[in-house]
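Next up is a structure, given as structure tokens.
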Amino acid sequence: MLFKVEMTVRLPATMPAAEADALKKTEREVAQGLMRDGTWRHLWRVAGRYANVSIFDVDSVEQLHQLLSGLPLFPYMDVEVVPLCRHPSSIRDDDR
Amino acid sequence: MLFKVEMTVRLPATMPAAEADALKKTEREVAQGLMRDGTWRHLWRVAGRYANVSIFDVDSVEQLHQLLSGLPLFPYMDVEVVPLCRHPSSIRDDDR
Amino acid sequence: MLFKVEMTVRLPATMPAAEADALKKTEREVAQGLMRDGTWRHLWRVAGRYANVSIFDVDSVEQLHQLLSGLPLFPYMDVEVVPLCRHPSSIRDDDR
Amino acid sequence: MLFKVEMTVRLPATMPAAEADALKKTEREVAQGLMRDGTWRHLWRVAGRYANVSIFDVDSVEQLHQLLSGLPLFPYMDVEVVPLCRHPSSIRDDDR
Amino acid sequence: MLFKVEMTVRLPATMPAAEADALKKTEREVAQGLMRDGTWRHLWRVAGRYANVSIFDVDSVEQLHQLLSGLPLFPYMDVEVVPLCRHPSSIRDDDR
Amino acid sequence: MLFKVEMTVRLPATMPAAEADALKKTEREVAQGLMRDGTWRHLWRVAGRYANVSIFDVDSVEQLHQLLSGLPLFPYMDVEVVPLCRHPSSIRDDDR
Amino acid sequence: MLFKVEMTVRLPATMPAAEADALKKTEREVAQGLMRDGTWRHLWRVAGRYANVSIFDVDSVEQLHQLLSGLPLFPYMDVEVVPLCRHPSSIRDDDR
Amino acid sequence: MLFKVEMTVRLPATMPAAEADALKKTEREVAQGLMRDGTWRHLWRVAGRYANVSIFDVDSVEQLHQLLSGLPLFPYMDVEVVPLCRHPSSIRDDDR
Amino acid sequence: MLFKVEMTVRLPATMPAAEADALKKTEREVAQGLMRDGTWRHLWRVAGRYANVSIFDVDSVEQLHQLLSGLPLFPYMDVEVVPLCRHPSSIRDDDR
Amino acid sequence: MLFKVEMTVRLPATMPAAEADALKKTEREVAQGLMRDGTWRHLWRVAGRYANVSIFDVDSVEQLHQLLSGLPLFPYMDVEVVPLCRHPSSIRDDDR
């Protein structure tokens, strides 16, 4: 089941650079693990913003929430979730 | 180059059903042609709305505008375009 | 899987009363069918508005979209869908 | 009488983890007490957010305000209240 | 129980003047009946708008919705309902 | 002359409890003085929020601004003012 | 007493030109009468819009509403009213 | 050339009172200088807010920006600028 | 003096194609005349919308309003005007 | 390829003046370098705001994001990007 997830990150100006870097490094590792197992299907940067547009492929809303709320940057994210489904005009097999 | 495009369709209540059906049929044919040649990379239905989330892969903004403004349903669409680029954490080759 | 769905109905002022009544009657029958089979779990009227707050229990986003877009009043509805999941503090078994 | 209540929690970035944990623990105990006595009828997590959708069943607006403003996390919540009533198409006895 | 209700009226430009006048006359009679029995406690015009700010005193949300949805101008109104309760600093006995 | 005033209070998280309590106590005394002399005609709590809906009866906009900007909590308030006037359908003598 | 009033005019596309012209001519006469007696103190066009920014000087909110709701174009206007008062830094005698 | 300028001031809660007072005093002197030379034509307080509505009469947008960005409180202001021009119905010579 | 002007065109669905074509043709001629004399300095299409972003170079706000309100499509446009001035970091002579 | 970019800068009130000045100086040097090589085609100040309207001419969205996210003030900017294309009515060769 597919969900469009848009995340905007706002780190506090007072966070030390080292702490921010460590958070981003762990975030990247977690994200790439989810991409490797196919759960985080697409990930794009929004031009000019510290934000992304993502497509998640999960078995349940529960699983989606566990993944998102477990991200290291989650406490600093503004997250918007939109449920998607197959479009009747689609011809791509994996845009289910 | 990738762009997220979100389209919401609002047909006038006064449009005869036959005209609406003809428009939608042509729209579908045009859309599938663009999907076949790889320009309209992804197309999903937004659950509960007459709207879609799409990803276009084009060579220029000009090409994107020609494609969108040439859609049969364009006069009845509310369209929002967001430019995307490769995310540094992405591991998918085609999410460029 | 649970989704909160909020529907606001806007019938065109020009729709004949008989047509509106017929639509509402069919809508009611379809809605009650979905309530009987447990898919449309909760349905409340928003005070002072021609709108409702609903909770749907479905197996997939696809099923949710089929149900919503098949409602007789769908062409006249503004629909907002929010995916829900079990709250860690919940003690109700069926608020999964 | 039923009210839909949507709560979004925003803890200050400067709150020590121990203080946040203590607050959440007490919040959970208070919430479960209200769920046990039937006042807090439904509680769901909004996917991807530190927020919930709830249904309260109270005797008066006064009682609702006392409950909400007495929650340990209330000072950090953005709360939206919408009064609900029985929908004429409902067939569930307890969706009054 | 008190609710603040704000109503904005938008009559279609195509409604014949006679029909509009008849609707407004009936609306006035219904409103004054509700004011006389104490249900519609306060009614003020918003300066410069075809809109009002009202305070209703009802026994239940159900009763409030019946009153509002039964108003002759209801199909042409945009209605916003906010539940109120006694303020701890109030010294007026009837601002309960 | 009547004005609807809606006030939302946002105390900084860093304000010591004693300072907040002192401010609220003075606010209450000032508010009750204004209620006693009839200037602050109505005061209700908005359910679930640290906010109120008020009706002020003043001789001029100048007087209204002096009262509001003199409130102890004014620096922490978001204030919205809407001028009201007698509604032609009103039957209450004091809803002038 | 001064009020800033912003009016945006939206004439229906179906209104015959002669009717629109007659309305605008009467509007102009009424407006100029109010300007001559000092009630409509300032009137400016907003660049690029069929809208104005005005300052009214009235004895009461009631008078303001009578003037605004009596304008020939009132049924086609979106009106926003903001109460003003003398600024402590002002040195102009008539900006009271 | 006239511009409507609306300024809302938000001083940080942490600014010492003496610093705030000094800033306001200088602001007042600068503002009164501009009013004396006719550049800051009108200045009104918005009732219930730390905000003003102003009309500036300048020779160029450049001059307007220099004046506004040179105000002592500018770093703490939210500023909105709307270009105005003479209204065809105006009869005041100086509302050019 | 420079102004950013954003125009969104919304032709009524009921306008005959011939009338729309004639309007657009005249609009184009007027626009190109203004571009030739340097008043309409820049004109770009917004991708995916029937809208443009423009830069006007005028001697006064009055002139700007005359130009905009004289455009054949003006009655069907939503127009937003933002006054610009030279940026201190600019190195382009004509971005004054 | 052209993009309209609107940047609003919000420096934290706690940033030391020397740090802010150094940031602005570097920002200016970077910006002027991009203007010299033709990438940052236009740059205007928004009157009354610490904000600009810019037009970028880039080969790809990727390049645009690299430029924007590399600006020294980027962490303190709110950035909005709108893709533009040549307008069919344009007569300027370089408004491609």
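Order of writing sets the labels: A, B, C, D, E, F, G, H, I and J. Residues in every chain begin at 1.
The rule is simple: contacts are C-beta pairs under 8 Å (C-beta built on N, C-alpha and C of every residue); 3 or more make two chains touch, one makes a residue touch a chain.
Because the structure is a prediction, the values reported are computed rather than measured.
Asks: Which chains, if any, touch subunit D and subunit H both?
Replies: Of all the chains present, those in contact with both subunit D and subunit H are F.
Asks: Go ahead and align subunit B to its copy subunit G using Cα positions, then give the rotation in degrees, nearest 5.
Replies: That pair's rotation angle lands at 145 degrees.
Asks: Taking the mean of the C-alpha atoms as each chain's centre, how many Å separate subunit B from subunit C?
Replies: Each chain reduced to its C-alpha mean, subunit B and subunit C end up 27 Å apart.
Asks: Mind checking the centre-to-centre distance between subunit G and subunit J? Centres are C-alpha means, answer in whole Å.
Replies: 39
Asks: For subunit E and subunit I, what's the span in angstrom between their mean Cα positions?
Replies: For subunit E versus subunit I, the centre distance works out to 44 Å.
Asks: Which residue numbers or ranges of subunit B touch two or more of the other chains?
Replies: Those would be 2-3, 45, 47, 61, 64-65, 81-86.
Asks: Throw together a list of every chain pair that touches.
Replies: A-B, A-C, A-D, A-J, B-C, B-I, B-J, C-D, C-E, D-E, D-F, E-F, E-G, F-G, F-H, G-H, G-I, H-I, H-J, I-J
Asks: Mind pulling up the subunit J residues that touch subunit B in the complex?
Replies: Subunit J reaches subunit B through residues 1-3, 60-62, 64-65, 81-86.
Asks: Mind pulling up the subunit C residues that touch subunit B in the complex?
Replies: 3, 5, 12, 14-15, 61, 64-65, 68-69, 75, 79-81
Asks: Contact residues on subunit I for subunit J in the complex?
Replies: 2, 4, 27-28, 31-32, 35-36, 42-47, 52-53, 55, 82-92, 95
Asks: Help me check something: in the complex, which residues belonging to subunit C touch subunit E?
Replies: So the residues of subunit C in touch with subunit E come to 13, 45, 47-50.
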